[in-house]
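As written, the chain order gives the labels A, B, C and D, with residue 1 at the start of each chain.
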């Protein structure tokens, strides 16, 4: 054979599942989307069409629904760990399982100051996600937030950058800073209180974003990552993606009016795209 | 001429605008998307390519940004009324102007129990919308909510319906009722406190949805519309669109397990699509 | 009762169906999405939760799949007519049925000049659609094209329009004209060769768009509609929606370069939105 | 410092650009979307807010438009190579530049057997993409296809797989095989006729997909990759992603009818997700 398969994986994506747990005082509603992916000794599947080592993706889907009954009882991380271990333990041909779960968030409605026992509203585009990877050696847990659309109307500057022949941007000491933040962090264990840690990380990100005097998106991104690591020893590393959703001052001067930093064109494209990964210094 | 133009309209859509108003204690951030549409004496534009009566859509866009400075100061309805009147008054060739505004909602972040003065998070897919139409005779104001994704985990039944040879659905006295509600209502005046009324309508919808013992989506839809009309004499008519976002019990019996109304397949398509318009009886 | 239901309709949307017909020489593959909507004597459903007149949307879905076997054998119009009549005839409580079908288009792959017998590629975003409405008096058939993204790089001008204080647009005698055209036309009968007429209408639209010396989007829109009516006596009326997807010359002069109408910013928003409906003059 | 930045990159995404080249016989229209990303000596930007090494993303955008005039004259690969080299050569603080280009494809309309000189239609969702990475040592070129929605109605089986307690899938020797294929391949040089190679790779993928007697998605994926490597010595490695867009036979038996492999539920979610990377064996 002149060619070889150097990477392969297969599984079922977008297994959309909801669960109702009937507590005495209220109904808990959860909705998730699960991706299963298996890697392993599948060379002959690809090269010869021999399916004897294939656990069909349809069966993977059924398994997720069946296991959700008894094992989706707390965090998405704990359910993902259970699923990864199930597929890994029951399939000797599999060398690595990857489970990704996205949680669609809902909050109970409140009326007259008290929460309704069984009525929910979606919390919107913000999603909580986790990726659990299990192989023969370890189980790694990575969690994250997606779709966190946040902005601040001041305390954001951008000055003192390179100018060249293609520069038209004007320096500013006061601009809108808007981003749809995506954060992903790696835990140092798979036995943690993930739900609680999630809220701590999210809060550290939001608080730093709000109170930081930003000289650039990059600087604020770093400060957010640093705060998360500072407050959470359980986290080894954090990556942030912060697209710069530009709000561009509209030129009112052409109509003899002044734009005192108040009227903006809200744009989707093009957008700045700023990323960074911050990790702990290894200690010697 | 053997053919005639029986409907025409043109304008600029998706004029995306954000505004920062610097109050003493905090910064107010608003983001909207505006559509302008003009109808009128445009026959020769279409049939002969005579552009002398055309106010270009680019100019419409500029006008919206310029007028936002002084006139987007309260509700989207009030700004839409101002814009409709501006285009109508300044363009004798125009017989009708339609302004649609969608507001993207943000809430200020809170830390330690108090709101941050200038940092916001998106409130997600729920959007507030308005359509204002002005012609020589009147200014009509219609407002609405889109993308209101809500659900209840009980107090929803569906029984006693027609059965025929293609029926496979089982009757149920306890199902999940999930919908992405769209409501649109017509005001009886263009001089109202629209922001306050908006909150009242939204609350009547949510409260009725939560507390209604639903025998069908149709019945709950009607109850919601009735509540809105009951509580708001300023509203003439309300239309509701309530797609039924099905959560289908997963068959666990095939694996020897019981599904006690707890594990569901969350589906997007196909979906039930239920609509209704409720109006006041004319009094004689 | 102080309120009344003035409009209501319910049904199932997004019934996604594919069909393979095994002809001797090749396999025919079709993929459609069907919406069913029923109107009628449903007052007590909405006001009292009495479901005895409700044909569940789940049953509607099953019916569409079942009837596709024998009745989805030619155009989407003919299948929609059959479905509309089925629901209308079998449900005395229904006063009007509406069937919408969207066809996802595929073309057979060709290799070495001949078509492969059973392998297809999607034709992309262009969709063919139809809406059939049946009530006690008539069956009306409306068909259309959506997502027809077309453009011409010249023979499009825009001059001689109104200028006011908010005008910044420059006149041009040579611009890119790009649009994602949506056309919808009404047939004068429900017994026609719809597949053949579809191709004739589509071709008339494209040909006119290509060869027209455009003075405005409005004028080209009208010319397209006129050509369709001229060539197809079976069509009573046509509506066109032609958003102007702007390609804006990029200012290269600021870098000492000339932009000889060659480099453009391709934008999605905001966009011009031009509509028109052309009908035959009634003859006296 | 207890933390360190282990990855960073920033740039401008979605620089949407169209270009018209006026050949004697016809107008050539091209539309692309460009992403620029810079990596390098940016530690102090992130940790101190020192912007002196920052080339603003706005300037990157301007540069892309300016350079398109003289340098976007053939393949997207050649333009990406030029852009990567421009940013790399002019910015000593940059250690690596990444340029991604997506081309939106258009074809000239034909009437009466000949192509119209300046009118185009979009070719739909299929996109051609390239990623060029330049650092001090090399320039690597990766190209690909996205959104290639293809299917075959027969010559696809799936049998002989693992059965366990969660298995419900039935074996089949004749199913629809539909996928939205994504292929990405790595060239062994940056001086090649990329446009020509693109068509060769695309054709090898389609031809293999069409003529392969498929025992599984995995096997067909491998055969496609193998064919590409076999026919194109300029390609080092190819990765394929082939989601299985399921067309599920609808159960007509419940209505006393037979489904002779003709009526299917076309589903989007959940979907199988099959991936593989095939490379040349290193020769010794």
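Definition applied: contacts are C-beta pairs under 8 Å (C-beta built on N, C-alpha and C of every residue); 3 or more make two chains touch, one makes a residue touch a chain.
Model, not experiment: these values are computed from the prediction.
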Problem set entry | C-alpha-based rotation, subunit A on subunit C, 0 to 180 degrees, nearest 5 | 180
Seminar exercise, completed: Counting C-beta pairs in contact for A-D and for B-D, the higher total belongs to A-D
For this session: Give, as an integer number of Å, the spacing between the C-alpha centres of subunit D and subunit B.
Result: 38
Problem set entry | Whole-Å gap between the CA centroids of subunit C and subunit D | 30
For this session: Take the average of all CA coordinates in subunit A, do the same for subunit D, and state the distance between these two points in whole angstrom.
Result: 24
For this session: At least two other chains touched by the same residue of subunit C: list those residues.
Result: 16, 62, 66, 166, 168, 255, 268-269
Exercise. Which bits of subunit D are touching subunit C when the two form their complex?
Worked result: 16-22, 27, 29, 31, 62, 65-66, 68-69, 106, 109, 111, 116, 118-126, 148-155, 176, 206-207, 209-210, 247, 250, 252, 255, 257, 259, 261-268
Exercise. What residues of subunit D sit close enough to touch subunit A in their complex?
Worked result: 1-16, 35, 37, 42, 45-59, 61-63, 66, 90-91, 158-162, 164, 166-169, 214-219, 221-222, 225-226, 229, 237, 239, 243-244, 268-281
Exercise. For subunit B, which residues count as touching subunit D in their complex?
Worked result: 165-166, 168, 254-255, 268-269
